[in-house]
Structure formats: structure tokens, C-alpha cells
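Structures incoming, each one as C-alpha cells.
Two complexes are shown next, each including chain A; its partner changes from chain B in the first to chain C in the second.
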Partner chain A sequence: MRDVAIVAFAQSNCQRDAGAQNEVELIMPVLSEVFKQTGIKSAQDVDFTCSGSCDYQQGAAFAFVAGVDALGAVPPIKESHVEMDAAWALYEAWLKIQMGHAESALLYGFGKSSPGELPIVLSQQLDPYYLAPLWVDTIAFAAMQARTMLDSGEITEADMAEVVARSRNNALANPHAQLKGDQTAADLLKEATYVSPLRLHDCCPISDGACAMIICTIEKAEEWGKPYAIIKGIDHRIETHHIGSRDLSRSVSTEIAGEAVGVKNGKVDVAELYAPFSHQEIILKKALGLGDDTVINPSGGVLAGNVMMASGLSRIGEVAMRIIRGEATRGVAHATSGPCLQQNLVTVLEAK
Partner chain B sequence: MAQLAAVVGVGQTKYKTKRKDVSIAGMVREAAVGALEDAGLTWKDIDAVIIGKAPDMFEGVIMPELYLTDALGCNGKPMLRVHTAGSVGGSTAIVAASYVQSGVFKRILTVSFEKQSESNAMWALSNPQPFSPHLNAGAGGYFAPIIREYMRRSNAPYDAGIKVAVKDRLHGAKNPLAHLQLPEISMKEVEDSPMLWEPLRFLEACPSSDGACAMIIANEELATKSPRKPAWIRGAAMRSEPTMYAGREQVNPQAGIDCAKDVYAQAGIHNPRKDLDCAEIYVPFSWYEPMWLENLGFADVGKGWELTMSGATSLTEGGDIPWNPSGGVLCSNPIGASGMIRFAEAAQQVRGEAGAHQVDGAKTAMGHAYGGGAQFYSMWVVSSEKA
Partner chain C sequence: MSSSAEILSQAFTLGYTYTRSTGPIVGQFLTSLRARKMVGIKASDGKVLMPPVEFDPVSADALSEFVDVADSGVVKTWCWVKQPRKAHPSDKPFAWAMIQLDGADTPMLHWVDAGDEAAMSTGMRVKVRWAEETKGLMSDINGFVPEAVALLGELKPAASDEQITGMEAPIYLTYNFTAGKATARYLQSMKKGKLVGQRCPNCRNVYIPPRGSCAACGVPTEEEVTLGNKATVESFTIVYIPIPGNPIKPPYVIANLVLDGANLSFLHLLSECKNEDVRIGMRVEALWKPEAEWGYAMENIQYFKPIDEPDVPVDQIGKLIDEGR
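Coming up: the complex of A and B.
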């Protein structure tokens, strides 16, 4: 596989409710920012554009069509869309670059979850005949997963609170974070449970926002004269939808993807893991074989702000920007989708 | 450089109004198993699954690929979900091809589907968008004024649409999988059918169908070993433009023109009418045949209807460039799958596997899909020859 460079990344602030702002208004600022970082003017200056979004978040078909309006696609552009997190849009573009049909690509993800009740909305992501009619929401599923881990003695509630305390503390340095603070794990454990055994702080917040990224061949990055981080490997895997058929304390699909991209083939300075619930960070850390010498979620992760359909791409962008700033030389970024980490994408990034 | 890739297996369900006998998973699996059998393969031979469908509101299931993982034998494998509106079936095939053309994967399964009977597409297409005027028009209401403008500009006879409606249904009568089976259809019957959206009559519109289409795409080495003839992918292209902007040409959209030029250049097509043996083009409303004949360069601007009226696009009349020998979208329209059916039917023609609707000796064929407000395009050219 040829190396692919990440040259630009921008994300909006994670806000609980973007109010009357529509998709175009959410997307345009991050597009302008990545164009500026790259030194280009428009979507016509890259070879391919791909986005990620989900219609049900805002509650209308074709959310992505509004997104195209933000691109100014006149004259027409080569463009595609995944009904997934934009991390998979990055994967589609990465394939285009591998096959030589593009030298550069613009990616963006956006989500406006505020109009509905997100956990309940996402229950309609389940098997429509056997599970969706029960309206089991995402929090209930995650609570079940946490319960199995607590019952087996693999984790304690204090371990979960430690994850949250670190996320909130790290988020103090992240201007885009929605939830931040200097609480200790002991403080957090004093709070009441929300959906047992989860406390509210074990669950990611609901956020509106967008992010964008520009990737290209190494040759193109050199031509643009911009600093960049290199995608050394990227892989995504899915596993069974049936919760009862899975060992919920493991993420087998993350293990396979992590192995495929060679996470363990070098020291990992930094990792951004898409863990919408505190205990899932522990599962992912184990699945990727990350040690205590890896800084995990220095941005605060999605527990500090979770723009669904953008958060996965943002994890990759967060690691890339740290590498570009010289704060790390090798990092891992992860994205997830589906109930209890059903689908996962892992990428290894390195400095040039 | 892009690696050579080919379609080595095709599977389609029977298309009909309601597939009450199967779940969504059962329907999708039926197409996938058909493609595997056609390619002489089993689930373990597949490296990844790329799935496409139109808006999730058509079935009321968010990201149904998550639930379809098990039915598609995808546990532990990569799964990607494409959604580009009506063009999605074609876009999905193109994204799926890129898994192989990139050299990253050897052989993949791609599936597109719609089970429209689970919901109401008219509603799902017309629900109010936040902060936008509510059109409440559905697809036919949206496209009818554009068709009227085409008729005004081209001075086309009023019955060019009627001719397409009859022609595609006579083609569909040769395809046992086609939803509408109307072997006795006549110009008069179409003309007498109720007017839905002036100038579109009931029989000039596509049906609402349940169904799925699947393809196996393999790299050069594996395709060469395949038991049946491969359909080599000679070119693939996508283009998008916004739904509305000042001065937008809606009758003959620039994105369609650009996309066709791109795919022809890749495939070495200089004169599409001469260099292609047949085409499967997304024509959900009759008048889009003459309009796309012009947009895709088969006829000069304003002259597409002359080709239609002359019988050039008719298989039953022995035309030189049959369009939609399978019966097309006018016979079967499981929306999310409709584009992939075009792409797969083009492949079947050059593989010589199209059965009673086979175009004799077809070597090179085009598949086409469009979506949104005629703003998203995907096209590919396949051939029995590698180069």
C-alpha cells in the first residue's frame, strides 16, 4: 500500500444544540478552515470528495444532499457519501488514492442530533423484526455490556470513573470540547447511577457539529508544501449484530483490524479511541494491545463531545494534528459504529 | 495504477410489489447467494461486503447493514455502506470495484436492495426538511416540469414518452425477473392510463418494487479462473452537482455530461451509439430516455426523441443500440437496487448471460444511474474484452 498524507483537519465546537443552524452552516466553517490550511480555494481543487452522515439524526431523508450545497459543486465534482461515520468516507477516499484515481480528497462528517432523542432514535438501528420493536436504546445496551464486565470482575466502577475523570481533565485543553472539568474519580463515584451501572458521566454527551479533513499522496503534500502525518495502515471490520452471540467484554472486530494495520509493530505514543461509554475505552485499549505508555484520548475523547458521524474522523484528525505538531511520532486512531462496538475502524499514523 | 477487475457473478431476486415471503435479510441473502452460485464460490471466498441502499426511511431501519452483517456472511470482515440517493446502486458498484482495483482486496461481494413495501417511498422522499420549503411532490412531481421544458425546447411529439413506456415493457416481458409483466401493452393503453403529473401518465412511471441485486467483483487473476465469462470493468465515473443554483441546466445537467465524458475516455468510447452494443440507463419516467440519449451523447441535443421514435433503442424492433433490454426501471424499481441492476444487467449482456433479453453478440455495454434532483450520477462501461 502506498502512504497517504493527512494535510489538514478542522472540527467545530461540540455543542449540545446548534439551534437553527442547518447542515450547510455547520459544514461550511470547517471546509473553509481545511481549504485555508491546505492553501486551496474550493472542492474543485481536490480530486474526490466523500462525506459521512445519517438521515435519522436530523430526521429527514437525504441529509447529505444539503451537505453538497456547502461544497459549491459548480462545476460538478467527483463525490460520494457513506451513511456511516466519516472515518469510512476516509477509507473510501484512501482506496481511490490507492487505485490511482485521485491524488487528493476532501472528507467531511456532520451530525445534528439535537432535534430528536438520540438514544431512542438509535434503537431503530437494531434488527427490525426482533430487537427494534423493543426500543432498546443505546444506553441500555451499553449498561448491559458494563454489567457483564463488572460481574466478571474484569473492571470496577472506579476504573470507569478514572476513564471519565481523565477525559474531562484532558478536555480542559480542548477548545472544542463540550464537557470538561477537574473532577476526580472519587468525586464522580459520588453521583447517582443513571441506567445502572452507568452514571450519566459514563455516557458520551449528545452533540451537534462537523469536521473536515484533506488527504493526498505524499507527492501532492510535498507539492503543496504543507506539513503532514502519514496513514501507514487503515482497516475496518464488523462482527455479529446479535449481542447474545458476542463476548461483550471483547471487541473482536477491533482486534482483527488492529492486527491488520500492525498497531503492535511499534511504540504507540498516542491513541484516540471512539469509546462512547467509559467501559468501552477499557475494552478497546485491550483489543488494540495498548500499554500504559500510550497517552489515550488526550483530546478528552467522545466522552467530552460526540458529534455522531464526525467523531470517528475527528479521532483520526486529532492524532494527525498531534503528529504534525511534533507531539508524537506514531499514533493510533479508532472509530466505531453500531451497538456495543459492533463495527470498528483502526488506523496507524506516523510522522514523515 | 488501478488493477483490472471484473464482474464474475450476478444474483438478482424476482422483483415484485411485496416480498412478503422474506425478511429484509432473507431478500438480500437471496441475491447474494445467487451471485455466489453464479461465480461458483462460497461465503469464505469473499474478502469484504459493500452494501448500498437509498434513504433508511424507505424501510425505517437506521444503517440496516449493521443488522445484515450476519445474513451476508460478513462477521470479522469489512463492511461499507454507500448512500448517494437514487444513483446509489451504481455508486455502490463503483465503490465496491475500488476495493479490488486498489489491489487491497482480491474478491468482494456487493449488494444493493430496497424493500419498499416496508414503508412508503413517496412519504420518505417528501417529508419536510428542516429550514427548507416543503415540496410534497414525490419524484414524479419533481421531474414533470423539467420534462415539460424538454418537450418545449425539442418540439418532441407528445407520444415519445408513450413509445418508451411500451418499448421498455415489451423488453421486460422477456425478463422473468422484471416486476411488471405487460407483454400485450399498446400505445393506446399507455395513452389512456390516468395522468399523474402532466405529461406523465400512470403507465409512463416506474413501479414501486421490493428486490435486491448482488455482484461478485474479482481481480484479474481470479476473474480469469472464474467458471463463467467475466465482465471486465473498463471505466467507472461519478459526478455530483447541487440540487439548485442560479442558472442550473436541469434538462441536460452538466454533471451527467461530465460523468459520461469521463467514463467514455476511460473505456475508449468515441461514439457511444456505435461503440456500445447496448445500454442499461436509469429511466424511471418515460421521457428520461430521450433526455438521457442527449445528455449521454447518443444523440444531438434536441434529437433524442428521434432515436426513440425510430426504434433505434428497441430490442424487439431490432434497433442498433438497445436501451434497457431488461425492461429497465420502468419495469422494476427497488430504488436502492435500481442502479446496481443497471450495472449488473450491462455485465450480463457482455457475459452473454442475459437470457431471452440478450442483445446478440454484445461485447461492450454501459450501466447508468442518477439520483436526487438529477444531480448525482454514476456510470460504468463493461466489456467481454480486457482492453
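Coming up: the complex of A and C.
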């Protein structure tokens, strides 16, 4: 596989409600930022553009097409979209580069979830015959997954609170985070349950925002003369939609993807895991075989702010920027989609 | 529509009134459900999957062997909803649960009416509470209840025993749509009876309604340009079919109009002329509704009507030079 460089990454602040900002107004600032980092002028200066978003979030049909207004697509550009997290847009662009169809690509993800009732909107991504008509939401499934693990003794509520406390503490140093604070796990455990056994803080917040990234071949990165991090491997796997057939206490798809990209073939300095619920970070850490020598979610992760359809790409960007800044030499980034970590994408990144 | 200093928002409901075909497997499950019977399907490894799926989750083999399962079973995991959402099947606190019915090897999702969280536990036995009327939908199960609860409700026989091949699956989602900054500025001007667009700082094109960016250059637009009421027909169509919910009686004319000083067209109605006289390049003018009826909407302009000015040559449409350009 050909090495691919990440040369630029930018993300907006995670906000509960972006108010009077439409998709274009959310996207443009992060695009300008990655163009500036790369030293290029517009999407005309890359070979391929791919975005990730979901129109159901804001209830605006073809919002993803409207988003193209931010690109300056005249004369026409090569452009694509995934109705998924933009981490999968990165995967599409990575394939294009592997195939030799592009040397560089712009990726962006955006989400405005504030206009709707997100857990209910997400209930409609489930099986349309058996689950969607009951309006069972994502929080409920995560709560049942947590109970499975609590019942088996694999985790305790204190373990879950530890994850949240560390997220909130790490987020103190993240200017983009929505939730941050110095609460201890003991403080958090005093709070009442929300959807039992989950407490509200076990669940990621709902956020509006956007992120963007520029990737390219190593040759192109050298030509641009910018520092970069290298994607050494990227893989994604999905599990059955028949949720009763899944072992919810494991993430088999993450295990397979992690194995495929060789997570264990070297020391992992840093990992950003897309765990929308506290117990899922514990599942993912185990699935990827990460030890206590790996710093997990130094940004605070998505428990500190979760822009649906952008957070996965942001996990990869967070790790890449830490490598570019010299804070780490090898890292792992993870993105997820679907109920109870149904689909997972794992990326291994290394320094130049 | 409500308005604060900067933010314009409006609640709306998005409806997807789908009818889904079920296929033979889901159809058989729903047909059985309507008859108040539970059926699972035998997987490649002999296990009974509940609810039935068309293909084996591991081997991907097509599955076809239905197996009767009981309408009672064991809670494998659950969560407690203190504050049900409007869309939820119960308006009192309830549990979602993965329930493994006797005779099945996988649990299925449904809800449990236990009254209180303290009445719930992993491993507890529950049974189906059938709906009084069954229709071949998941809601034929009016939740599960703890097995000891006596069920006294009267059950009507199923209205039909025909094989189910489709189901109504309407989805309604409610949103509070917020206009973007550029759109909000534009609508606030509309409410004052003014047409205000935005100019691209790069290519100098003027857009109305503005979106906050120049789609051609990919740069933000901020400079505001007040435009007049005169426009040119760029293209048009005559609508002969009635459109549900539209109060205008066909046939009528919808035109792409470019305001003088603007470079991109928008859609509006064209009236006060014979439909067959409408042509590309025709000069028109906005007819505003009485000021008392002005809101944050394009409908403040009732329609555009022809004016006595020479037609604009096709290659000049959208290129009329405006002062300051």
C-alpha cells in the first residue's frame, strides 16, 4: 500500500446550537484554514474532494449539495459525498490515491444536529420493519450494551465514570470542546441515572460543527513543503444489523480492522477513539489491544463534543496533528457508525 | 416564524409516508404476529433467530425454515426510560429490553411495561401483551409485562388472514429550522419590502437570495447590494397540473427571473399576461402585496408582471450592468 500524507486539519468548536449558521457558513471557516495550512487557494488546487454528512440531522433535503457552495466548484471539480462520517470520505479518497486516480484530496465533514431530536432521528437508521417503527433510540441501545457489561462484571459504574472524568479533564486543554471540567469519578457517580444504567455524562453531547482535512501522496507533500503525518493503514468493517446476533460486550469489527492495519505492530503513543458512550471506550481499548502506555483521547474525545458526521474524521485529524507537532510518533484513530459500535474504521498514523 | 436580532427559525415536520414491501420472511413474521403467534427462523448453525432475517448473519445463506417460539421469555438486558420521548411507545416510564423468547436463541428488542424500575431485572421472565387489535406490525405487541401480571383485556380476532406483503411505515420527524446568517439578513430585508443580495468580493457577481458564499469562487460574501423590482425572464414553464397544497389554479407560469443588477436567477410566478406571450428576455416587475401582509418570505411579492420595455437579448440576461459594478 502506498503511504498517504495528512498535511492539514481544522475543526470548528463543538457547539450545542450553531444558530444562524447554515451548512456553507459552518464549512467555509474550516476549509479556509486547511487551504492556509497547505498553502493552496481553493478546492481547485486538489485533485479530488469528498465530504461526509447526513441530511436527516437538520432535516434539510440536499443540504450536502448546498454545502458544495463553499467549495468554489467552477470550473467543475471531481467531487463525491458519503452519507456517513467523513472518516469514510477519507477512506474513499485514500482509495482514489491508492488507485493513482488522485494525488491530493480535500475532505470535510459537517453536522447540524440542533434543529432536530437527534436520538429519535437516529432511531430511523435502524431496521425499518422491526426497530424503526418502535422509535427505539441510540441511547437505549447503548444503555442496554452497558448493562450487559455491568451484569457480567466486566466493568463497573466507577470504570465508566473514570472514562468521563478523564475526558472532561483532558478537554480542559481543548479549545474546541463543548464539555470540560475537573470533576472526579466520585463526583460523577453522585449524579442520577438518565437512561439507566447510563447517567447523562456517560452519553456524548449533541454538537453542531464541521472539520476539514487535506491528504496527498508523499511526493505532493514534499512538493508543498509542509510537515505531515503518514497514514500507514486504514480499514473498516461492519457487523450484522440483527442486533440480537451480536455480542455487545465486544467490538468484533474493530478487532478485525485493528488487526488488518497492524495496530499491535509497534508502540501506540496516542489513540483517539470514537466512543459516544463511556463504556464503549473500554470496549474499543480492549478490541484494539491498547495498553496503559497509550494516551487515550487526549482531546477529551467525543464525550467532550460530538459533531455527528465530522467526529470520526476529527479523531484522525487529532492524532495527525499531534504527530505533526512532534508530541507522538505513532498513533491510532478510530471512527464508528451505527448502534452499539456496529461499523468501525481504524487508522494507523506515523511520523515522517 | 419567530425572529430575534439575528436568528430566524421555524418549526416544521418532515414526513416520509412510506409503504414498504416486506418480502417473504418479514412478511411471514408479521402475518404470524397479526395472528398473535411468534415465529423465528432457523439459522445455518441450527440456532433460532428472532425476529427472523432473510440471510444468515454469519454464513450469509438464504434462510427459510420458520420455527414457532413462545410468547414469553427472559430479559437478557434492559434500560430504564424515566422520561419517555413523544415518539416512544409508552408515555409512562418504561424499559427497553432485549428479550429471549423460549425456543429462540437470540433476543429481540421490545419494551416492557413494568411500572417501576425496581420491578425490572436481568433474567426476569416476561410475556407478550397483545394489542387489542392486530395489524401485522411490531406494535401488535403492546409491550411485554412481567410474567405474573394477569392480562384481562379483550382481544379481537385479526381482521384478515391474508399473507402480508407490505406495511405502512410513515415517519414524521420534527425540526426547528434556522435560516443561515445570509438568508436571515435577506429575509429581514424582505420584511421591510427591500430586495437585498450579496456581491462576491472576487468575481463581483451579485446573488439573490444570498447564501453567504459565492458558489463559483468558494469565498464568503458579505457586501450587501440593494436591488430594484425589475427583472428579466431567463426561462419559464407553464404548469398545467395541479400541485397538492398549492392554492394557485393551473395553468400558470413559473419563471426563472434575474433581477437587474443580479447574476443568478430565482423562481417566481409570472402573471397579468397571456401565458402564450411569455418569452425569454421579457422584462417584468415585482408586484408586492400590501405592506400589512409582509413577512419574512419571498411571498411578499405576489408575482411579477410584464412591463413595457424592450426584450433583453439572450446573451445579455444576467449581465445587465448596474451602477457600482
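Here is the rule we go by: the second predicted complex is superposed on the first by the 352 of 352 C-alpha atoms of A that agree within 3 Å, B and C clash if a C-alpha of one lies under 4 Å from a C-alpha of the other, contacts with A are read in each partner's own complex, and residues count from 1 in each chain.
Everything below uses one rule, namely that a residue touches a chain if its C-beta (ideal position, glycine included) is under 8 Å from a C-beta of that chain, and two chains touch if they have at least 3 such contacts.
Keep in mind that what you see is a predicted model, and the values were worked out from it rather than measured.
Once the two complexes are overlaid on the shared chain, A:S196 sits against chain C while remaining clear of chain B.
In the overlay built on the shared chain, the residue A:V332 is in contact with neither chain B nor chain C.
In the superposition on chain A, A:Q125 makes contact with chain B only, while chain C stays out of contact range. Contacts of A:A20 after superposition: both chain B and chain C are touched. In the superposed model, A:F62 lies in contact with chain B only, and not with chain C. In the overlay built on the shared chain, the residue A:L95 is in contact with chain B alone; chain C does not reach it.
Within the superposed three-chain model, A:M308 lies out of touch with both chain B and chain C [touch as defined at top]. Of the two partner chains placed around the shared chain by superposition, chain B and chain C are both touched by A:T240.
Shared-chain residue A:V74: touches chain B and chain C both. Chain A residues 20, 22, 56, 58-60, 66, 68-69, 71-74, 115, 121, 124, 128-129, 132, 240, 242 lie at the interface with chain B in one structure and with chain C in the other. Of all residues in chain A, only 19-25, 28, 31, 42-43, 56, 58-60, 66, 68-74, 114-117, 119-121, 123-124, 128-137, 140-141, 143-148, 151, 193-198, 240, 242-245, 248 touch chain C in the complex they form.
Across the complex, chain A meets chain B through its residues 1, 20, 22, 49, 54-56, 58-62, 64-66, 68-69, 71-84, 88, 91-92, 95-96, 98-101, 115, 121-122, 124-129, 132, 235-242, 252-253, 256, 337-339, 342-343. Considering their complex, residues 1-3, 23-24, 55-57, 59-70, 74-85, 91, 95, 98-99, 101-104, 118, 124-125, 127-132, 237-243, 245, 254-255, 258-259, 372, 375-376 of chain B touch chain A. Those residues of chain C that touch chain A in the complex are listed here as 6-8, 12, 14, 18, 20, 22, 26, 30, 49-51, 53, 57-58, 76-82, 85, 87-89, 96-98, 100, 106-111, 117, 122, 137-139, 167, 169, 171, 173-184, 211-220.
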